[in-house]
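Two complexes are shown next, each including chain A; its partner changes from chain B in the first to chain C in the second.
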Partner chain A sequence: MAMTMSGEVQLNAPREEVYKKLNDPEVLKACIPGCEQLDKLSDTEFQATSTMKVGPVKARWKGKVTLSDLDPPNGYKISGEGEGGVAGFAKGGAAVALSEKDGGTLLSYNVEAQIGGKLAQLGQRLIAGAAKKMADDFFDKFAKSVNPAA
Partner chain B sequence: MSATGIGAAVRRKEDLRFITGKGQYTDDVSRPGQAHIYFVRSPHAHARIKRIDTKTAAGMPGVVGIVTGAEFAESKLGNLICGWTVLSKDGSPMKMAPHPALAVGKACHVGDPVAVVVADTLAQAKDAAEKINVDYEILPAVVDPTKAAGKGAPLIHDAAPNNTIYNWHIGDHDATAAAFRGAKHVTKLEFVNNRLVPNAMEPRAALAEYDAGTQHLTLWNATQNPHVARLVISAFVGIAPENKLRVIAPDVGGGFGSKIFIYPEEVVCLWAARQFNRPVKWTAERSESFISDAHGRDHVTTAELALDADHKITGLKVKTVANLGAYMSTFSSAVPTFLYATLLSGQYAIPHIYAEVDAVYTNTVPVDAYRGAGRPEATFVVERLVEAAARELDLDPADLRKKNFVKTFPYQTAVASLYDAGDYNASLQKALQIHDYKGFGKRKRESEKNGKIRGIGFATYIEACGVAPSSLVGQLGAGVGLWESAEVRVNPTGSVELLTGCHAHGQGHETTFAQLVAERLGIGIDQVNVVHGDTDKVQFGMGTYGSRSGAVGMSAIVKALDKVEAKAKKIAAHLLEAAEGDIVFKDGKFTVAGTDRSVAWGELALAAYVAHKFPTGEIEPGLKETAFYDPTNFTFPAGCHICEVEIDPETGVTSVVGWTAVDDFGTVINPMIVEGQVHGGVAQGVGQALLEHTVYNDSGQLVSGSYMDYAMPRADNLPSLKVDMTVTKCPSNPLGIKGCGEAGAIAAPAAVMNAITNALGTEKIDMPATPAAVWSTIQQLNKTRLAAE
Partner chain C sequence: MYAFTYHRATGLRHAANLLEKLEDPKILAGGQTLLPTMKQRLASPTNLIDLDKVEGMSEITAAGRSVTIGALTRHNDVHKSPIVQQAIPALAYLAGLIGDPAVRHRGTIGGSVANNDPNADYPAACLALGATIVTNKRKIAADEFFKGLFETALEPNEIITKITFPVPKKAGYYKFRNQASRFALVGVFVAKRPSEIRVAVTGAGSSGVFRVPSFEEALKKRFSPKSLEGLTIPADGMASDIHGSAEYRAHLVNVCARRAVAAADEKTPAE
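This part shows the complex of A and B:
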């Protein structure tokens, strides 16, 4: 049972710059909630470790972050999947689209997430809220990295 | 009737320790040097296990050992088994796939154990488990039983093509089809009998200890049948020979069937205790119970009832798909077949019945017997159909039932069961009167004034208890006989140890069994100690389930008491210098008939052990007798439950506002305990009907796996129940007992749903009738009504 959500954020930067930042491991590391480590495996693959808490379940996740459907500077897809040991697993992704608007860039995203194991058993009702918060956090931080002054 | 004998409402002896916190459950037992085991379980419903990396975990503090499924398989132990062979229509045996204690190669449900960590403390075991890296390749999963055998469903086990375990049937297909061709009226319904999670108050637990000096294993285990556990673990899994394995089931806090079965955890604990030469303990956490205890029910059924112009039922056709989960649990095959379809005649004389049952594998927790086991499902089918037929024909549902009741006994049903005794009309009449059935119309109008919808529903159920005649179940495919044993050990001072192969986990055997012995021997119930749940003490027994302990277990006690009395009479004749045939035993005294010469029970017991001047050729010293009792038929408890509900159409909340239960359990030993059993059963049945919802999502995740989402019945979900009895004695056992443990859970779901469908005016609502489901149904009905207008 996949859970989906979408949102958008207005950025004061040209699309090319936004797209570049979306591909920058340092930026991604700073923006992925709870991310402790993000090692680049290739231009489109990263090994990540992050801590995530959903309701009563807290776990350290190890997994892969992959960039796909690269279409500079119009957007891409960022997806991740991780095993949280006894807490279960989580996987999900966001299709990110960039369009020109008001002299800047409008970033819109569609997120899809799936969870399993203890996380689903205990946290199913909380996952929508938790995932929304994580997505909001990610794009908030990302907006800040694009517009440090904002 | 004496103050403590048969029929007396004696307070339970065992409650002193239970309500003062002195019960001794498996988790209360600790052994020196004990280690703890943690089970690493699959978070995926269906996944290939590509690799398990335990290297980091092995170096963690306190770790004694880590074992993966593949490593465990090297021990060449046997798989867990389903002990009841069911044949398909074509005569082929059921397709039982291997069930290793730890998954090898692939995991088949969320919760399937794939590895274990043994460590000094539980916290250390859990910490190390966090460091185990399992590389899974996720496979598509199937959770819906109606899709499991369909095209495109992922294959779970190679041994079961189309995920089908068997296509079984019972009854006469052609005769039933003919009955339907000649029918004046046919009522057809579709049902989902919702999957339930058992939720015994005490979670499952196991503690295993190995004595390297004697090579002897001891297992403390929260089980309903320690001897069967030992037999299976010895003979099939091959952990140790029976004489090198002792199984102790100490106090057990509820089972409801879920503790009958032999599970992976106890097997792995035993193996690990020997492997690491440390006692190994496991106690399930509640969230672990949700994904590892065998679930109950989970049927999808289409059923049709044929009636003639005179409203006589002429035929019944049933097609059921039963979900057995990812592996076949110990008795899983028998539940949707012999414990289900053989009861499809209900309390009615139905000349022709034909039932088909397809059992399938899915990527869900295994399903097995749960309070009622098959009989709640059968009752639901029959009682919902009869109620709906009465509505369609504009008849009083009580009258339609009366017209079709079996009235002469014995009655041979069309589905193998032979009903021995009963008076179904008597329990219905009594229930109607106690419930004030006539006043329902007035109460309904009152509810209407308050903006509520009131409904009333019946369940005139029947069940087969007293499990079970060995030769009969043998013919049906059971791997064991289902007799029971008892041993009466008279102490030199006249007090008694009663050893039984039954096992109490809430039933009150320490009281009721003592009542039987006390009445027979003329001693106080405090002079009788009931000993059970230890394979080193009790020679053998089949345990407690299927409401068998009274009908079968107590019959064995009667047989043993007969033997004790016979020998005691011999001794009395010697002591009183009289002929054995002249000795009368009454009120705790052996008397020479027609004289005042007597010897009291206590004196006789002492003499039996002192044995001075015994004619040793004729009388052995001591007074201890053993008996095995094998029933000749099942017993058939039956009764009538009436449920009245009030629905708030604004919120969809259903309140159970009235409940009358009139049951025929045959002879009742302790009416207070029996009433308690009815209360508990009804509560569980109401839970199934209104609250308990086991939800798997499409990917096989159990998303109602905690008390945040899985609603158990509570006291405020129930009204004060009116419980009464009628009695027809069971002719096949010496005490006339039928059994009472499951009745409430069997009757209640049908009674509740009949009441709700009566209130709503539609048959189309499934269990659990949660507020959301009821509210949506009302909205849908309103929409349809508006569209029609």
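This part shows the complex of A and C:
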């Protein structure tokens, strides 16, 4: 099953700086929910291990995080793909756009996610809520890493 | 299921010690969510700590203007309790609507509240009645307890021991249930308390149980289903899935709230 969601965050920093942080593995690792490990394979590819916990469900994922459509400092696309063993698979991406606003940067995102396998069949009534929470978590943490005071 | 180690706690302190000490532990308090999840291999805790044989955690007592229910009390025992039926009939009625007979005879109130499933019934009752969730470490007001989808204020090593419900002047619950799962597609608990009126909604919100201030305001003027006519809540923030769209759920919140108010005005809740 697939789902989409979008949102925006106002950041108190210039676009160039925001864009740099979006490409920083340390920042990404801190922002990806449940991320335990993020190893750089190349400038645009990372190997990730993360644990996803939604209520009683707890699954460990291994997968790849890829950055594409790089257009500094206007935005890029971040996508991830993972296998959670018997739990199923998940893949998704977020198109991130940066624009100048009120002396800072407005970050807007469009997330598209797909999940399959057992997780999709059983978790149907929970997936949309869980995916939204994860996207919110990611951009919340990212906003905090850009504006530590906020 | 994957292999795990089963521990039968002999007392609350024993359970708390195990929870502190063991690696990747999980509390078993009835197991009506956890065990099916484990069977599907969607969770694989290393250590299960069963509270089933812990004494003194499944008592129901009335004191002054409140009813206290032990965390390990089965849904069926809440449903059949003369104390609950007399003091807060809507709560006894709600417990009888949970799941199926097997779930009601094994599942516990503490387990349900700790799990905070966005479609579960008890969170709506706790929030509307202004319950206090008591753990082995502290007391938490329901307003502070439910933190969104499956999230609660509980610390990883904290165990719910009992829940105290203040007795309302009147209360009603109406549940529009999913016919297959018996979960609330939308459930609304309305409580008229000495100091305020509360309307708590489960099943509808994409991040769990929530209150509806506009409905509460309208009911304060006059506690009647008519007071809610024409009021709507935005579909934004409602859950949406194959069972119902966000708009459908938003619509149902009003329908269920009116029926809950009507039920609160009856002596015995409608079956």
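In this text, the second predicted complex is superposed on the first by the 146 of 150 C-alpha atoms of A that agree within 3 Å, B and C clash if a C-alpha of one lies under 4 Å from a C-alpha of the other, contacts with A are read in each partner's own complex, and residues count from 1 in each chain.
The rule is simple: contacts are C-beta pairs under 8 Å (C-beta built on N, C-alpha and C of every residue); 3 or more make two chains touch, one makes a residue touch a chain.
Computed from a prediction, not measured in an experiment: that's the story for all the values here.
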Q) With the two structures laid over each other on chain A, which partner does A:P72 touch: chain B (first), chain C (second), both, or neither? A) neither
(Q) If we overlay the two complexes on their shared chain A, which of chain B and chain C does A:G129 touch? Say first, second, both or neither. (A) second
Q: Report for A:I115: first if it touches chain B alone, second if chain C alone, otherwise both or neither.
A: first
**Q.** Contacts of A:K58 with chain B and chain C, given as first, second, both or neither
**A.** second
Q. When the two structures are overlaid on chain A, which partner does A:V86 contact: first (chain B), second (chain C), both, or neither?
A. both
Q: Using the superposition described at the top, list the residues of chain A that contact chain B and also contact chain C.
A: 59, 85-87, 118-119, 122, 124-125
(Q) Under the stated contact criterion, what part of chain B meets chain A in this complex? (A) 40-45, 110, 126, 129-134, 136, 287, 290-291, 697-699, 701-706, 708-709
Q) In their complex, what parts of chain A are in touch with chain C? A) 54-59, 85-87, 118-119, 122-126, 128-130, 132-133
**Q.** Of chain A, residues touching chain B in the complex
**A.** 1, 59-60, 62, 83, 85-89, 114-122, 124-125
(Q) Per the contact definition, I'd like the list of chain C residues that touch chain A in the complex. (A) 33-34, 37, 40-45, 115-119, 148-150, 181, 183, 206-207, 239-243
